[in-house]
Every structure is written in C-alpha cells, then in structure tokens.
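Shared chain: chain A. Partners: chain B in the first complex, chain C in the second.
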Partner chain A sequence: MRKSIPSLRGPAIVLAVLAFVFLMAPEFYTNHSVLLTMMTFMGLAQGLNLLYGFTGYLPFGYVGFFGTGAYATSLLVTFTGLPILVCVLGGGLAAALIALILGPLLRLSGAYFSIANLAASQIIYFIVANEDLKSITGGPYGIKIEQVYAPHASYLTMLALLLVVTALAAYFRLSRFGLGLKAMNQDPVSAAFAGVNVVRERLIVWLVSAAMAGMIGGTYAWDLSVFYPSAVFTLQISVFAIVFALFGGVGTVIGPLLGAAVLYMLYDGIGVSAPQYFELIYGALIVGLVLFLPNGLMSLLTRRRINVL
Partner chain B sequence: MSSEPLLRLENVGKRFGGLTVLDQLSFSVHGGEIVGLVGPNGSGKTTTINVISGVHQADVGRVIFEGHEIQRLPSFRIAHRGINRSFQVPKCFREMSVRENVEVAATFANRGEVEIDGILEQVGLTSQADIQAGSLTVNQQKMLDLGRALATNPRILLVDEIGAGLNPAELGGIASLLTSLAARGIALIVVEHLLDFLNRITNRVIVLGAGRLLFEGPLKEASQDPEVVAAFIGG
Partner chain C sequence: MIKALKKAWLASVMTAGLVLPGAAMADTATAPSVIKIGTLYASTGNFAIASKGQYEGLEYWAKEVNADGGVFVKAFNKKIPVKIVAYDDQSSTSTATTLYNQLITQDHVDLLVADFGSVLTSVAVPLAAEHKMLLIDPTGSGANFFTQKTNYLADVSIPSSTVWPLPLAHFLLDQHIKRVAVIYDSNDFDASQAETLKETLVKGGVTPVYYHGVPTGETNYNVLLHTIAARRPEALIEFGYPPNDIAFLRTLSSSGLHFNMTFTIFPGQLMKMMEKTVGAKAMAYTYTYPTPPLVATTDTTYGPDTATFVKDYTAAKNEAPNFLNVAGFNTGLIMQDMLGQAPQFTQLSFHQALMDMSGKTKTLEGEFKINENGAQLGELFSVAQLIPSGDTNKIVVVYPEDKATGKPVYPAPKQ
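And now, the complex of A and B:
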C-alpha cells in the first residue's frame, strides 16, 4: 500500500515562486496586458497538461472551453449583474457543462479524440458568433462588459487561478488519485484490473481541466472587457497551449509553466515586432523539440534521473 | 473445498457479429480448485475469461460470483469483488517500477492490506523491484501481471497462457506457485495449451470447442472423449 505522504515542499515552493514573481512583476514591468496574457497562457498550458499530461487525451479544441468561459462570464455580467467573481465561476461551470455534454468523446482515442474536440470547439464558436444571436452574444460584433473593468482585480484573479491549476497538477502528480491516472495513462485495461475506476477518473480530469480553462477564459474576458468572438475562440490559443505545455514537458508540474513562460516571452519579444522571424524561430524550435526533446525541457533533468515535480 | 461453488456460469452466450464465440456455456468453480480451460484456437477460452472478468459482457446467461450476478459489472468492480486475471500478452505499467505496478493494485483494489514485498518474492521479482517494468523480459512481465493480480487479494484468479515460452524449470516454479495459491483457497481458472503443465496442477479440465463445453473432468479422460478428439484433430 502507498503509505508515505508525499512531500508538499516542492509544490509549496513552486506556488510561492509563482505568487512572488507575478505579485512583484508589475513593480518592474508595467505592461499589464503582457503579464496577464503570460499568466493566461501559463494557466492554459497547465490546464491542458492536466488532461494531456495525466490522461493522454490531447484536446485540440481546448480553446472551446476558454471561449465558453469568456462568453458565459460576459453573459452573466450582462444579464444577471452578479458579482464578477461569481460570473467567472459561472464561466468555469459553463465550460464544465460543455465538457460533460462532450463526455462521450472520451470513448475516442488519439487523433480521433483531438479532431472531434477541435470540431466541437468550432461548433461553439459558430453558435456564439452567429448573427441571429446578436441580441444575446453580440454575434460577430463581439460583447462588452466595460462596467466591471478592473485590471488590478482581474490580474490578481488570474494569478489565483494560475496557482489553483498548478496546485491541481501537483495533486495529480503526487496523490493516490494521480497514481491511478498514471496507471491508466499507461494501460487502461490493466489499470481497471488494478481496481482503478478509469471512466470516472478520466471524466473528473476532463471536467476539471475544462472548468479551469473556462475560469481562465472568463477572467481574460473580464480583463479585455470588450472583445470579438474570434479573440477568445482562435485556434492559436489551443496551439499555443499545446506547444507551450509540450515544450516544457507534460505530466510534470513545472514543465508547462516553464514552457509557457519561455515561449511567451519569445513571442512577446519578437513575435509582435518581427513576426516573420518569430514564425521562423518558432517553427525551428518545434522541429527541434520533436526531434531532440520529445518529452520537453523537463526531460533534460529526468534523463539524468533527477526527480522533477 | 466447500460445496457451494464460488463462481458459476449459467448458459452464457457471446457473439461477435455473426460469429458465436460462446454458446450456452455452463460450469462452476469452487474455492481452492484449479480448473484448466483447454480447446483449440478460437474455441472461446480467452473469451470465457474476458466475460468472467468484465472485459466483454455476455449477451445471454448469468455469471454468478459468491451468489451475486456480475455479468453486467465493469472490470474494476469485478476486481473489487475479488476476481482478477493475468493476460496472454502481459499488460504492465511499463514506465512504472515493478514495485509501483504492484502498489497500484494494492492501493486501488480495496481488498485489505497486502504485503508488497511478499508478492514480489512470490512472483520472483524481488531483485527487480526498483527497475522499470518495461525493461523486464516478457516472461518476467507475465509474472508481474500475476503479481499485480495477487495484490488485489483475489478469490478467483484467471490465468491466461502463462506457460507459453517458459522453460521446464520456470514452468515448475509457476506450477508450485499456482498450487500454493490454490492451497490458500484461491480458485484458479488456467487457460493453457501445455497439457503436461495442466496435468500437473489440475484435477479437472473444461474442454471448449466452437464456444461449447465438450468435456468436463480429468485431463486424462478428455483424450478418450470422441468429441474432444474431433475438436482437436478434426472429424
């Protein structure tokens, strides 16, 4: 039996460093948008890691949950007037509800799951952006929630979500629940005979991962306060989350954070000013990653038998 | 051996499309008994194990374990109840250590305390405890499969072709292990093509042919049964 209580020191250090960096960063770097977007992508990469890193399901349509959260939060603000944090929570619940409806997709595997998930995210996008729903969602003209605009509060909320999603990754990595995930990720049939409720565990991770993307989307929308549907449903968001997570190393806690931080800084550094060079460097990095580091930056340590969180 | 069977199959049928794989199959197994399941390729041996263990659901009939119907239960619930299995092609958690493989089952089976070191010793993997399961030989992986199953404290163990590829000394070791498990009251259903091996460990075999039960009794008598002979060599 697993009797030893895993050390909580590692996760505590990671959370403390994250909190310190993003609480102090505005003192030295005043571009609020860059910092918030970096946290957004770190959170999304980590949220995607919850699903892909711990169950092996690669959700190409992860942006669908992000966009759902953004719109659900905005609609709750617009039509209910509830406190913004409740609306963000509602965004997470809406994304989890969509995930529950899409639950049967978990019967698929590999590329079939990824493509079906991608298609589902596009269906949500086309529903939200439909001109006929202009009076509700704003249709293709977007939505405004300027009445709740509060950049400092949305920044702190995004940081809190980043800490929560990272704590969840640590839980998945170190807990009894995580041991079951690790087993079923390697062999679901054998895991079932070890007594793991594979269907339930997968569904829980799927819902949690979707809810996190939804709340992150809701907070992103709160920070933007005015946006078009394409801004929160662009496939680039899924692609970034996937590449960032893979670059750092999925199935770890630190990997997706590191991958997102490094690649987003690169994107911010040259992607905006010289997009042609950025695409070149980005492409080369991805090719290099696939060829030489298929398990991400963290594998540089794990190959040397260094335990990483 | 108690008079009440631990496991009973009643008129179990299973079809895959137009192919009948199990046809009105009925038999029972008592605690502490080792039953051999034999038959030519495609006779339904592995499907029988798959139906008992919840990998496939029977189309008709009942599978009764300790007085309860289990034919609609998923595999993990069946494992929780006390039925477990090994696989013809071993299915271990390749990126986990040997010890972790056993630990997973001990943790999730909810079948009471188990001594992991004791299980590793039983299956002869003590010195490999800390290496990755994927680096074991196929035969060692089969033993690990068995160890993973034993870590769930099973009442019934379904053993699928564990003897294939083993040398006589290794077969002797497996035979001792299986008989010692039976002596502890565990019922074993052993699917095997190695008849000498089965003869050594079983008192009773069930012979299947085209999904039907052709014969039930001592292995030596099976070879004189005309239906069994016809199933194996045609006729």
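And now, the complex of A and C:
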C-alpha cells in the first residue's frame, strides 16, 4: 500500500495540470474551437495509446469508433431526447459494441490488423452515409443537433473525457494489468504461460479504447452540431491521432498528450500564420521525427535513463 | 458681476472645448479604419479548385473597391477601405471550424464570409449564430441550413440547391418528355436537386423511369449507363460534381449509347475546363445550367453588367472569369450594397439591409432574393444546350422562353 502512494503522485499531477490548463485557457484565449479540437486530438491520441502503446495493435481505422460515437450520440439526441450526457455515453457504448463485433480482427497482427481495421472504418462510413438510410442517419445529407448546441458544456465534457482517458493510461502504465499488456505485447505466448489471459485482456483494452473514441466523437459532434459524414469519418482524424501519439511517445502517459499539444499548436499556428508553407513544414517535421526520434519526444528522456510517466 | 460673467464665459468655453470636439469626432472615432472581411479558402483537397475560384473573385472585388477609395458605409457616412483576412482550411472541416472561430474571436472581423460549398460552410453556421455574426454564404446551398428563421445566415451568390432544377423540370414538361431517367450523387447538393426534379415532374404527371443515387466518388458509369438504357428513357439527367460529370460524359461518349437529351450540371459553370478534359465533341448537344459569365445580365441595378465585368476581370487577371469567380465577386457586391444601406454598423442591421434589398436588387448574377431562413430564391438558372460551333460548343439558352437565345435541338443528333 505504501509503495502505491508515490506512484499515484505522478498521475495526480498530470491530471491536475491538464485540468488547470484547460479550465484556465478560455480566460486567456477565446478561440474555443482550437482548445476543444486540441483536447479532442489529445484524447484520441491517448485513446489510441491505450491500444497501440500497450498492446502493439495499431488501429488505422480508429476514426471508425470516433465517427460511430458522433453518429450514435446525434441519433440518440434526435430520436430519444435523452439528456445530452447520456447520449454521449450512448455514443461510447455504440463504439464499444462495434468494437465487440470487430473483435475477431484481433486475431490478425501487424499491418494486417491495421488494414483490416481501416477497411472496417470505411464500411461503417459507407453504411452511415448510405442514401437508403436517409430517414435515420441523414445519409449523405448530414445531421443536425442544433437543439443541444452548448459550447461551454461540450468543452467541459471533452475535458472530463480527456482526464478519464489519461487516468486510464496511467492505470495501464502503473498497474499489474498494464504489465500484463506489455508482456503480451512483447511475447504473447510467454505472457500466456506466465498466467496473463491474453485474449480477455486484449479485448478489454480494445473495447475501452473504442468506447473512449466513441465518447470523444459524441462530444465533438455535440460541439459541431451540424455536420456531414465526411467530417467525422475522415481518415485525417486517424492519421493525426497516430502521428500525435507517435510524436510524443507511445506506451507513456505524458507522451501522447505532449505530442498532440505540441503538434496541434504547431499545426494551428502554421495554418494561421504561414499556410503556404504548411505542408512543407509539417512534412519535414514528420520526416525528422521518423529519422531522429522514432520513439517520440519521451525517448529523449528515457535514453538518459530518466523515468517518465 | 464682471467676475461672475467672466467665470461663466470661461466655464462655457471650457465645456464647449471639451464637448464639441467630442461631438464632432463621434462618427470618425467609432468608424474603423478598414472593414475587415474574414473568409477561408482551400488551397488543397476536394474543394480546392472551386474554393480558389470563389476566393479570387472576392479578392478582385476588394481590389476594385479599394482602388475607388473603399466601400461606402452608411453607418459612418463615408467610404472605408476593405481588408480581407483569409486562412487556408485545406478542405478540412475540423480546420475550418477552428479558423472560422479564429476570424470571429481573435481577428474580430466585421463581416464573415464562408468558404465554398455546403460542407465547408456547414461548420460555420452554428458558430456564427453562437457569436451573433451574420454569415455571408456565397455557395453553400445545402437544404439543411435553411430550415428555420435566422438573422445570422444569408446565401448570396447561388440559389438554394432545392430550386436549381425548377426551370429544368418545367422544360422537360413543356417538351412533353415522358420517360426521364435521373442519376445523382448521394450528397446534399445533388440529391436535393434530384428530389426537387422528381417532385415537380411527378406533379406534372411524369414519373421517372429510373431514379438512382450513386456515391459521390463514383467514376465508373459504364454499367449504370447500360442499365439506364434498358429503361429506354428519352432524357437522362445526371446530377454530380465536376469529376462525376467528366466521368459520366466520357463514358457516355465511348459507350455507343445515345439519348435524345442528356443533362449535366458543370459544363455551364466550367465550360473551358470540361472541354479540355472531356472534349468538345463528347459534350455536344448536352443540356446544362448556363451561369454567368456564359449568360449575360445586362439590366443590373447594382454593380457592373456581365460584359463589363468580363472585360475588366480579363484585363486585370489576364484570364477570363468562370462562374466561381463571378460568385466570389458577386458576394463582394452584395456586401457592398448591404454596407451602403445598413443604417447601423451591427450584424442585425446588416441582415435587415439584406432583407430590404431582397427582390429589389439585380446584380450580374441576376435577382437577389432571400427568404427569412437565409435561402437564396433568386438568381435562378435557365436551361441551355451546348451547340457545336467549329471546334468548340456555344451556349444556347433554350428555356425559359423570355431568356431563350435559340431553340433546343431535340432529339439530339447522334455524334
């Protein structure tokens, strides 16, 4: 028990800093959309980190869960009139349900898993955007939930989700459960021999990661309130979440948060100040990352044997 | 007594000295040095070609008015230069969301103009309403936006897509064409047109023999065309975006199939580009919506007529304008008229000015007419046919009769 107390200090500080920064930020910077989108990508990078950082499964189609959550939340708002927070929770459950259906994909590994997951996300997209489902999903004509538009509430909800997903990452990082995940990431057979229930634990992480993406997607949709399927199923969302997580360093708690914050601020800064150089600067940065920091920013510390959360 | 008078006089002079300059300067002190117009454009991605065309038209308008000393702003009773603050959203809705917010909350623009099309406009609609800003919407014509009364949205340079095909439907009924096939892309822009067309035809006693949606990315029309041909339609209407129209016309040309009438949207907007990619021969006798500058408006009540605009634009840019340049320029013109009429420099006053202009203003795009939901009901497109003329095609307006410049060639001869 004594040993576990110091280990909680790190996560508590990270959570407190996150909460403080994003609660105070609107006082100094009024572009609510930038702050909310930054939290969205920090949350997604962290959600992806839960899966990729701890199990080694890289979900190229992570946006499928995000879009599912966005649409499930919107449909619950439209057809049930339930309180919006219940609808967001429903978005997470819907994404987890899709993840459960796609559970057999976990039998694949490496690039095969990534590509199959990507294909699955596109299937979900085409189903949602299908003309014949116009009366339910709005099909290609998009969906509108203006009746619940409340930017301040959606901002706070996104912050709460960011804290939850970060707390989960900290749990994975510090708990026996997380150690089991790391063991199966390195060698699933040995991990199974050591008593780790490989299938069950992998499935749990898969579902949790999907549910988080779903709830983040639901909150994002709540904030947009008028959107087309392409806005929440664009592959750019997956690519950004992956790049941001890798830039910071997967398998850590701080890495994906730092990666997403730094790169998103840079993305936004270049977009506003020098859009003509956007692709050049961003591309060069990613090439540099792959060449010199393949394990992300956090490796600068871990190389020097500095223990990071 | 004299002392008291002196005191009173001094006090009067001092008071006047303090108050009068303030009163005299009230207008100039509150008038901004420039009118900031915030907008987005896409330099890359799906909407780049169209978005840049629209943006270039708006930029051209700003340059022209600034050369003339700026726009007349009634609220300040003087001309003020305009400054365009623009960011690149790269055709991404998430980037567009943050940049629209940037324009509103950081740059504090006076007027907010949306990027091209419904997708990139959609994210600005709730943001503008939240910040109580009037969103000037040049080309976002999605039916979804205009479902309720609003003071914060105005579609200014393109009719709401639900009304585009009305003249086309009436043309088909007038021609007594009974067998109509409709193929459309499954997106807001195209499907809402297909729905209006079908509804109007059915009211006129014509039920389409084929009515089918395809994904927006569809480029393989071979099987679809043969399926449609099996229904023996007299007229085949295809609603798509430029890549769809190009693929459709190419496939039709190489398929050996022939229909008495074929309609697509974009030859009337991007004629030169489409002739280059599809070939003039493959486009011959195709019907389309003719748009400015391919059709001319001469009796404008505000701004230049089409011929003057084409001449000036071509001289300034060394290239002839297309419809999207016209749409961008027209957006500027409508804002210019609005600023010239709004008695106060507030968003609500701007909106009221637009409502007052509705039905009374005619620009090079035609009649400006919006409803209380912000939808554009004027600027209606006619129906035209591309008639071969040497190595190219010329646009002949065939409907409605009061705008017609020639008779339709129906049935279209085999090429």
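By definition in this document, the second predicted complex is superposed on the first by the 298 of 309 C-alpha atoms of A that agree within 3 Å, B and C clash if a C-alpha of one lies under 4 Å from a C-alpha of the other, contacts with A are read in each partner's own complex, and residues count from 1 in each chain.
One rule holds for everything that comes next: contacts are C-beta pairs under 8 Å (C-beta built on N, C-alpha and C of every residue); 3 or more make two chains touch, one makes a residue touch a chain.
This structure is a prediction, so every number in the text was calculated from the model and none was measured.
When chain B and chain C are set side by side, the one touching more residues of chain A is C. In the superposed pair of complexes, A:Ser230 makes contact with chain C only, with no contact to chain B. Contacts of A:Glu279 after superposition: chain C is touched, whereas chain B is not reached.
Contact with neither chain B nor chain C is seen for A:Arg305 once the two complexes are overlaid on the shared chain. Of the two partner chains placed around the shared chain by superposition, chain B is the only one that A:Val198 touches, whereas chain C remains out of contact.
In the superposed model, A:Gly180 makes contact with chain B only, not with chain C.
After overlaying the two complexes on the shared chain, residue contacts for A:Val189 are found with chain B alone; chain C is out of touch.
In the superposed model, A:Asn31 lies in contact with chain C only, and not with chain B.
In the superposition on chain A, A:Lys144 makes contact with chain C only, while chain B stays out of contact range.
When both complexes are aligned on chain A by C-alpha atoms, no chain A residue touches chain B in the first and chain C in the second.
Considering their complex, residues 53, 55, 74-76, 79-80, 84-85, 87, 91-96, 100, 103-111, 113-114, 116, 145, 148-149, 151-152 of chain B touch chain A.
Residues 1-2, 176, 179-180, 182-183, 186-187, 189-199 of chain A are the ones that touch chain B when the two sit in their complex.
Against chain A, the residues of chain C that register as touching in their complex are 43-44, 87-88, 90, 92-95, 97-102, 105-106, 118-119, 122-123, 125-127, 130, 142-145, 147, 185-188, 191-192, 213, 215-216.
Interface residues of chain A facing chain C in the complex, by the touch rule stated above, are 30-34, 37, 126, 129-131, 139-142, 144, 146, 149, 151, 224-228, 230-231, 234, 236-237, 268, 271-272, 275-276, 278-279.
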